[in-house]
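Let me give you the structure first, and then I'll get to my questions.
Order as written gives the chain letters A, B, C and D; numbering starts at 1 within each chain.
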Amino acid sequence: MAQPQAPEGTEAEKPPLRIGMVGYAFMGAAHSQGWRTAGRVFDLPRQPVLAVICGRDEAAVRAAAGRHGWAAAETDWRALIARDDVDLVDICTPGDSHAEIALAALAAGKHVLCEKPLANSVEEAETMAAAAEAAQARGQLAMVGFNYRRLPATALARRMVAEGSVGTLRHVRVTYLQDWLVDPQAPLTWRLRRELAGSGSLGDLGAHIVDLAQYLAGEQLAGVSALTETFVRERPLAGAARGLGAVSAEGTGQVTVDDAALFTARFASGALASFEATRYATGRKNALRIELNGERGSLAFDLERLNELWYHDGTEPGTRAGFRRILVTEPDHPYLDAWWPPGHGLGYEHTFVHQARDLVHAVAEGRRPEPSFADGLQVQRVLAAVEESAEKNSVYTPIAV
Amino acid sequence: MAQPQAPEGTEAEKPPLRIGMVGYAFMGAAHSQGWRTAGRVFDLPRQPVLAVICGRDEAAVRAAAGRHGWAAAETDWRALIARDDVDLVDICTPGDSHAEIALAALAAGKHVLCEKPLANSVEEAETMAAAAEAAQARGQLAMVGFNYRRLPATALARRMVAEGSVGTLRHVRVTYLQDWLVDPQAPLTWRLRRELAGSGSLGDLGAHIVDLAQYLAGEQLAGVSALTETFVRERPLAGAARGLGAVSAEGTGQVTVDDAALFTARFASGALASFEATRYATGRKNALRIELNGERGSLAFDLERLNELWYHDGTEPGTRAGFRRILVTEPDHPYLDAWWPPGHGLGYEHTFVHQARDLVHAVAEGRRPEPSFADGLQVQRVLAAVEESAEKNSVYTPIAV
Amino acid sequence: MAQPQAPEGTEAEKPPLRIGMVGYAFMGAAHSQGWRTAGRVFDLPRQPVLAVICGRDEAAVRAAAGRHGWAAAETDWRALIARDDVDLVDICTPGDSHAEIALAALAAGKHVLCEKPLANSVEEAETMAAAAEAAQARGQLAMVGFNYRRLPATALARRMVAEGSVGTLRHVRVTYLQDWLVDPQAPLTWRLRRELAGSGSLGDLGAHIVDLAQYLAGEQLAGVSALTETFVRERPLAGAARGLGAVSAEGTGQVTVDDAALFTARFASGALASFEATRYATGRKNALRIELNGERGSLAFDLERLNELWYHDGTEPGTRAGFRRILVTEPDHPYLDAWWPPGHGLGYEHTFVHQARDLVHAVAEGRRPEPSFADGLQVQRVLAAVEESAEKNSVYTPIAV
Amino acid sequence: MAQPQAPEGTEAEKPPLRIGMVGYAFMGAAHSQGWRTAGRVFDLPRQPVLAVICGRDEAAVRAAAGRHGWAAAETDWRALIARDDVDLVDICTPGDSHAEIALAALAAGKHVLCEKPLANSVEEAETMAAAAEAAQARGQLAMVGFNYRRLPATALARRMVAEGSVGTLRHVRVTYLQDWLVDPQAPLTWRLRRELAGSGSLGDLGAHIVDLAQYLAGEQLAGVSALTETFVRERPLAGAARGLGAVSAEGTGQVTVDDAALFTARFASGALASFEATRYATGRKNALRIELNGERGSLAFDLERLNELWYHDGTEPGTRAGFRRILVTEPDHPYLDAWWPPGHGLGYEHTFVHQARDLVHAVAEGRRPEPSFADGLQVQRVLAAVEESAEKNSVYTPIAV
């Protein structure tokens, strides 16, 4: 693959930021697109370089390297971390390996980007946050990949909340609705086994909405009351599902995670919140929806229409007031000075371009990136409180601080 | 007011159904419109007659009688019940008087229509349901006014659920969002005092969504986990707010009901549900929204767009599937053979026309109307469980049967 | 039908306004609802009385009288006009009889409300407008029934345009889309025959949107360029279709009106407009949609969601600007002080209640009602220019003044 | 810029397709993103290589090369065409230079991709189409860049029309609404001068909707009746506006193109169409909207919500029928097997990735790409007929064949 060289004297002087990425499935593809594009669209202080990709299956990882444009491939993540030509380790594996890889990478002096959820347990997350804190003192940065903060619409919402457009917060309601498990014959995958995925819809979808709700509100949750359910407890084993627990005589295996998690919550300020994460909302494909109601106004967002933010200005006279559809594609909207003219929308993958952009800036400027591992740990504590409440008959359970 | 007589020989033979209505505020106006219109649009077995209206302030009730077209006015509801020319007593007063009036009316041999919530306590509701059961044996009918069952869109949704369009139910999510208390300077009214209103958003809005959710699902809730809040606990006393509890030195009075109520729930079948009732959702005026997700499909409705029902047929190939907007204005949709051509929408008040229609049919045919007082009692038990759970740290609380 | 009397001393002193209505089909039912309700909801200076209804078929008109609550029935409109107990003649017949009835009613000293389109030809409309002008000098009033001006949302739009919220007008685009002729086997009716209906979608739907566009813009059209089409030229004759032109051997008859009419136009100010009226827009039931774009803002409306007006304030900073959904249900929105609380929407038939309200006020106050017969004539001239342009190869055709 | 090499043995064997791109403004950035990404997401038969970029200003073009990842830069398009290491010339310049560059590129044996509109006149377009036809015989391919055919939603719409989901076509209505000229003080640019841009909204926006309407309908327009307008005829000259016609004393220059173009049309089959292209639709940023109504169903699309296609199945029973929102993100939707899971939307720029993908396939397989230069010429003829009709008092003007 003869990738051409840049004309002399242009960007050659930009110091590279060499990425080593572990994992090459869905998240690996999305992160590749982010790293590949960020420096082409934004004027970055360092040029991301797709240095090394890592996966256990040699043929597959080589194919992924070729496809996505990575310069080298490894089959052992320890080898990747040991390389001198890697500045930042990007962890795109399932949650059960996050802690081990991240701790090793930090110990080896690398910056780290870790996919969400940060870990499969609060304990792991605590260790990771402590290691990140120590590494920060050495100039190494660590970030967790809550990419939905990086949409122009959510970033604008955050800005508007911070500017007071919503005022004293009363309500936050959030759902993350998908439907890929509706069919009881859909096969068992690693995502449905607790030992690999940590939890089900809670860690996968719930982690996103807990982070996003707290980010937009600008404050943390104080406690939760929760209810979880596994609707279909036995599923057929697909060919690739080796080792996913005990196999029944009928060739099915057990689902050991939640299918859906609902919880109500209080914010520290006294605002109320409701959360729902499910994979059984027939017809909803990616309905991460959030609404904030405050004394001065309201904001609403739906990931299925990601270029739009709805805003109600409560200070306008009632005669003219109404939820307005802000098409978040103007040049002075977050991230948009680098993209297309008004009305020319972005897509899902742009969150990863923006994540790469923000992290490169943080690294170049030595600033603590957000969301930090400490933020990831706090989300983990919320998820743990949800599970604890669900086990204890939904009793209101404070979030550990 | 010289109301003309009908031409001889037309509808004269239809037996009248003479209504006596107690209360003449918002609900009184809406019920008047319902009784006045039902027999003009639908071909009813008996012709509703606006016989007597009742209120405590003589001048005001006389004005209301003239405005809304009632033939006579009374200032004591006992006098209304005592009249021979009243067949059915329609109770449109605040909840604290429902039980007394309804019991007296049933004792006097009248049919009864009672606004929701049926009562301010489970105990009252139990007495009422028992009295209604006994009266039914004597040929008297009693119905509770959950008018949102009577929209063409919700009635169509019920029909589709019953026909299996949704399949095994997984999720129901319901909100009833209003915003008329957002301003902390909005005055104290009877609706904000427990001794008069029973509860706040819970009884006012929550009762509607509990009834509607169970009606559409075709099954009852088994238990709830709840959280309630009063955001603004002190409000200015308006001139008319005499007697609303102790007055503070500053001329304010205490809010003694909930401003918002959130609860999660399990249906008997195992489906999950979430509920939110609030008067603090800035910009939402009447957002009663309900969505049902099942193994075969989903339905969604929003009262702010009451002529529409959204349906996702989960059995269609994914390539062509999507939530479709059914404009519920076709002649074979519920109630619509009597109204206008397709696309010519109805409004809020039509629920009361349809309620009148359905009740007249039930009376004429001697059938138990739905929702019965027993249904109203069951909703009351759900609300009581919500309050109990909220007091007990949100612990999951089964609904009494 | 023993309609009860009002309690003494209430509204008895209000002078009645006795209505005589000709026609009792769709429009007759809608007007009945309007006359019956207006005085019950609004505080009117005179009380509308449903005095006499008229139709050719005696049994049918008597049934309609009983159903809709008219005191007397006639089978000859001349007899209705001759009655002393009729103050206002309401003409709900097909367009071919409008002129004759209206002229006779005006000659007999009655006020007149005439359904749209005013007439089937410009010549008829001219005679009617001249007669109305002369009658006005004698204190008689005449109005044409463009009911879509009477929606809270369109009335609000008019108010906002008048207040300058849109600024210098650039574009108006209007469609009126229905689909009840899509099926080529739908039968021939009087609406598809030129001698009875005058024209097809043009007079039925086009008249509405021409009036509404001019009303909202606050100015008149200067000229049009048009294209019309009849997609299905032969249709089966239904049983009732006696006398609809020559019958073919196959039992079909000819469609002699347009199925669809499209035209572009210039307003007097130079703003551009586009119009489309059709009965072949599959899936669109009543999609009267209008959008106005001006230098300071835009407004958009869709009759299928009639309680909403969309507004874009072009003077806001782009970062926060967007089309907002005004739920036109606030007490200070047009007509709404008399109805329900915010968020409790109205329906199609309320246009007729509001039309009755406005006309009663005009009659009581001796003011010229709008839209006048002169306004109806001007719309007729626009439709004539559309037909002329369509016949002349779409050449731009000025509207006669 | 040390771009890493791919690991040996992966994609090295894929023959490259070396691109030379002329122009580096908005379209240049979008095409760069397309060429850079296509081979990373899709499995292409040849690997696109960003070989040479060309622009007149040396510093600027070098900066663009570095930013967008082009290997070399030229300042004379003739030099670019003369290079051996360019297989395909991609023309992203204003319309006045399309013909000269394309003809030279074809003469030099290159494949050509030319931005729309194909040319500034029918004569130029005819020469280009003839040259493309001749080149095709030599194995060279030429395509015109109507990128809106390449959205998953529009490609799905085309597929559904071809499969008969719409049936006999009755109506097509299309608008392309933007608002960037609403402010009369917005400066004069090359896009507002006829000698450079050819026309105004007509060539810029109208060309897109004419192509898209014909593509989706699967047939060509037969004739048009048009009306164009320039609302603001004099605008301030910005600094960069050197040479844009005569400068007035006040420092303003003349707008010599249309601000808006409206036209009605007939398709060859007899279906009717309406078109509107404008830069004065306040609040509409990129509202390319198209709706098709046919005897069996309807389709609707809005570029501001580009991941959605609305479909009404006219063969369903009315009780359940309605426009459904197909979220066009399923793996069996066009282009989507290579992207993200359901519900994870794409953006505007993906049209250029898909355009690159389709063109690489066409080149590798020696197939004539669509839309061809002949298709571009036909669109040009429609635009010419629009201008002719507008000059001739909107008279219906057949499209030359």
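In the analysis below, a contact is a pair of C-beta atoms (placed from the backbone, for glycine too) under 8 Å apart; a residue touches a chain by one contact, two chains touch by 3 or more.
Note that the structure is predicted; figures quoted are calculated from it, not measured.
Among the pairs C-D and B-C, the greater number of C-beta contacts is found at B-C. Ranking every chain by how far its Cα centroid lies from the centroid of chain B, the top place goes to D.
Remark: chain A and chain C have CA centroids separated by 55 Å (rounded to whole angstrom).
With centres defined as mean CA coordinates, chain D is found 43 Å away from chain C. Chain B and chain C have CA centres that are 35 Å apart. Of all residues in chain D, those touching 2 or more other chains are 284, 312, 321-323, 327, 342, listed in ascending order. Here chain C touches chain B in the complex through residues 1-7, 9-12, 14, 16, 26, 30, 32-33, 36-37, 40-41, 43, 47, 49-51, 62-63, 65-73, 178, 180, 284-287, 303-307, 327, 329, 340-350, going by the rule given at the top. For chain C in complex with chain A, the residues that touch the partner chain are 156, 160, 310-312, 318-327, 330, 332-333, 342. Across the complex, chain B meets chain A through its residues 170-171, 173, 175, 177, 179, 182, 184, 225-227, 229, 231, 260, 262-264, 266, 270, 272, 274, 276, 278, 280-284, 291, 293-298, 312, 314, 321-323, 389, 393-396.
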